[in-house]
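First, the structure itself, so that you have it in front of you.
Which chain is which? They are A, B and C, in the order written, and residues in each are numbered from 1.
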């Protein structure tokens, strides 16, 4: 067995690049989470709505996205769309692909939440005089999202990790920066060890921030957990 | 202070009970698919009275109650509440109905994501467009009436069944309904918890609230109802003052029901 | 200029066989290790619980792509000149084991506690309890999510294209490099993935419904 000496000296010069990459990962993932959540919410509403057509279309969208690899989705957006006359920057393509992907997963999660609302809740709200829209907002949507928020959070952390794949269209996020550094330093293993550690830290960061948002948005969580 | 004054409804009838019909059910039929559950039911409920509907499960009593509040569509006949005909497809009529009729369910149906206080103020602020402060004041008042003033900030999952059901009653009461419908409100409760709910209902009755209850609590119906309605096979089989119904059942079905149910 | 033709399509479908092979390898390797992890997570020994939990947290908190790079470059540090399929298979095994371990842990925990007590009362050892009472019941609950996770495995094999392993996604890139028709090429790639994944998604849902009806 060949002895190998680890060498992390590249960090002395390369750390700003890691930080830059990590920051872009945060921005990419943060933007995509926000937009993907909104898309997922809209799709969940349409999916459980009255219109058969819209519900069917959303169903197709969700199944297509959930049953094809994210890498291929990224390729279609970045390489495929220009051949249809739509040319986008790598970062824009990355966000679009991430949003489309997250929208599909979120909508399934939120829909499960909507389905879990008991019929008696709706009747009680109707009897109190709430109209359809008020019932939908106060009695279905808000409690549904509250109920599935932990599952949504896990999905959002997975999305942040998936954003590493956008390095393949040279969106300059963390993994792409790492690829550059390792091609200059040839300390591949060390570089990816550092990157793995940064991603772990980012997972923790995202989990904490998402938890905080949940505590802020859902008062019951805050009160009953403590 | 009486329950109904606090909630803003009129105190016990200036007119004598029985003078003014508030719910008129006329020849109502209702089917679920091929199964007909109501066969030409007619019933008049007068202001300030408590009407107890009793019968075996499957006799149509809960369905009748739900029809009165437009939770089920009727297939024939008419129902009038406070002079207005109930029609599920007429939004304005349903809206008016909801403002006049409150309903309490067997399974409480409190909103789990809202505090007790917010459960009560939701409709006050969202439907009646009251300010948060006014709504809170009303909520505290009705919570006091059901003996739960200290539970305003609790969440439904922190309540016992009896407390949850009292909150549900308070929630209906806050909207100052003219009629309250109770759908087997004590059936899901442990026996030792039914008393506190029945006590609240008794207070309401004494203050002149018009109440229609589907119930298995025979002793309660016997003691407090003005009219007891026995339903059987989707029809009003017998109806009358409790003294008559319990002491002198006319039909073998009611006799059998009373002997098995008590 | 070469346009996308049936030859290319056949090439893609042939490459998809490697996707299937890699998925099967990852499922077998990851399944075996995942079972160990699941048992570790519910072990009576604190350090075993802690160790498997730490492993799962680390793998689930790192992108598969980075795990793949670590496997690829790590193995080459050992001086082994290994084909990409080994690094691909290793990283997918690590990834799969962490997720299946966590899924199966949930399934084991969802077997009612009374089953442990009852089987303890009739004198079974802990191993026997697992073997005869707990795992058979947990397995029934585990079928829907496990089949569902197979979809994730198949999709994630696409990432191994990045280290040059020629499976479906890599084949798509190769075809694209000669046809310069990225849209149609990758749409076909997506369709082939869909054809492999969708039946599993349907099966997972079917099993879940069956399980719910059974209970």
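In this section, a residue touches a chain if its C-beta (ideal position, glycine included) is under 8 Å from a C-beta of that chain, and two chains touch if they have at least 3 such contacts.
As the structure is a computational prediction, the values presented were derived from the model and not from experiment.
Chemist: From the centre of chain A, which chain's CA centre is farthest?
Modeler: For chain A, the chain whose C-alpha mean is farthest off is B.
Chemist: A-C versus A-B: which interface comes out with more C-beta contact pairs?
Modeler: Here the pair linked by more C-beta pairs in contact is A-C.
Chemist: How many angstrom lie between the CA centroids of chain B and chain C, rounded to a whole number?
Modeler: 55
Chemist: Nearest whole angstrom, what separates the Cα centre of chain A from the Cα centre of chain C?
Modeler: Taking the mean C-alpha position of each chain, the two centres sit 20 Å apart.
Chemist: Could you give the separation in Å between the centres of chain A and chain B, each centre being the mean of its C-alpha atoms?
Modeler: Taking the mean C-alpha position of each chain, the two centres sit 47 Å apart.
Chemist: Any idea which chain B residues touch chain A in the complex?
Modeler: Going by the criterion above, the answer is residues 69, 71, 95, 98-99, 101-103, 105, 107, 109-115, 122-123, 126-128, 155, 157-158, 168, 171-172, 175.
Chemist: Which residues of chain A touch chain C once you look at their complex with the stated criterion?
Modeler: By the definition above, chain A touches chain C via 1-2, 4, 63-64, 66-73, 75-76, 79-84, 157, 161-162, 164-165, 167-168, 175, 178, 182, 188-189, 192-193, 195-196, 199-200, 203-204.
Chemist: Mind pulling up the chain C residues that touch chain A in the complex?
Modeler: 58, 60-67, 69-70, 73-74, 77-79, 151, 155-156, 158-159, 161-162, 169, 172-173, 176, 181-183, 186-187, 189-190, 193-194, 197-198, 201
Chemist: Which chain A residues qualify as touching chain B in the complex?
Modeler: 118, 120-121, 123-131, 134, 138-139, 142-143, 146, 218-220, 223-224
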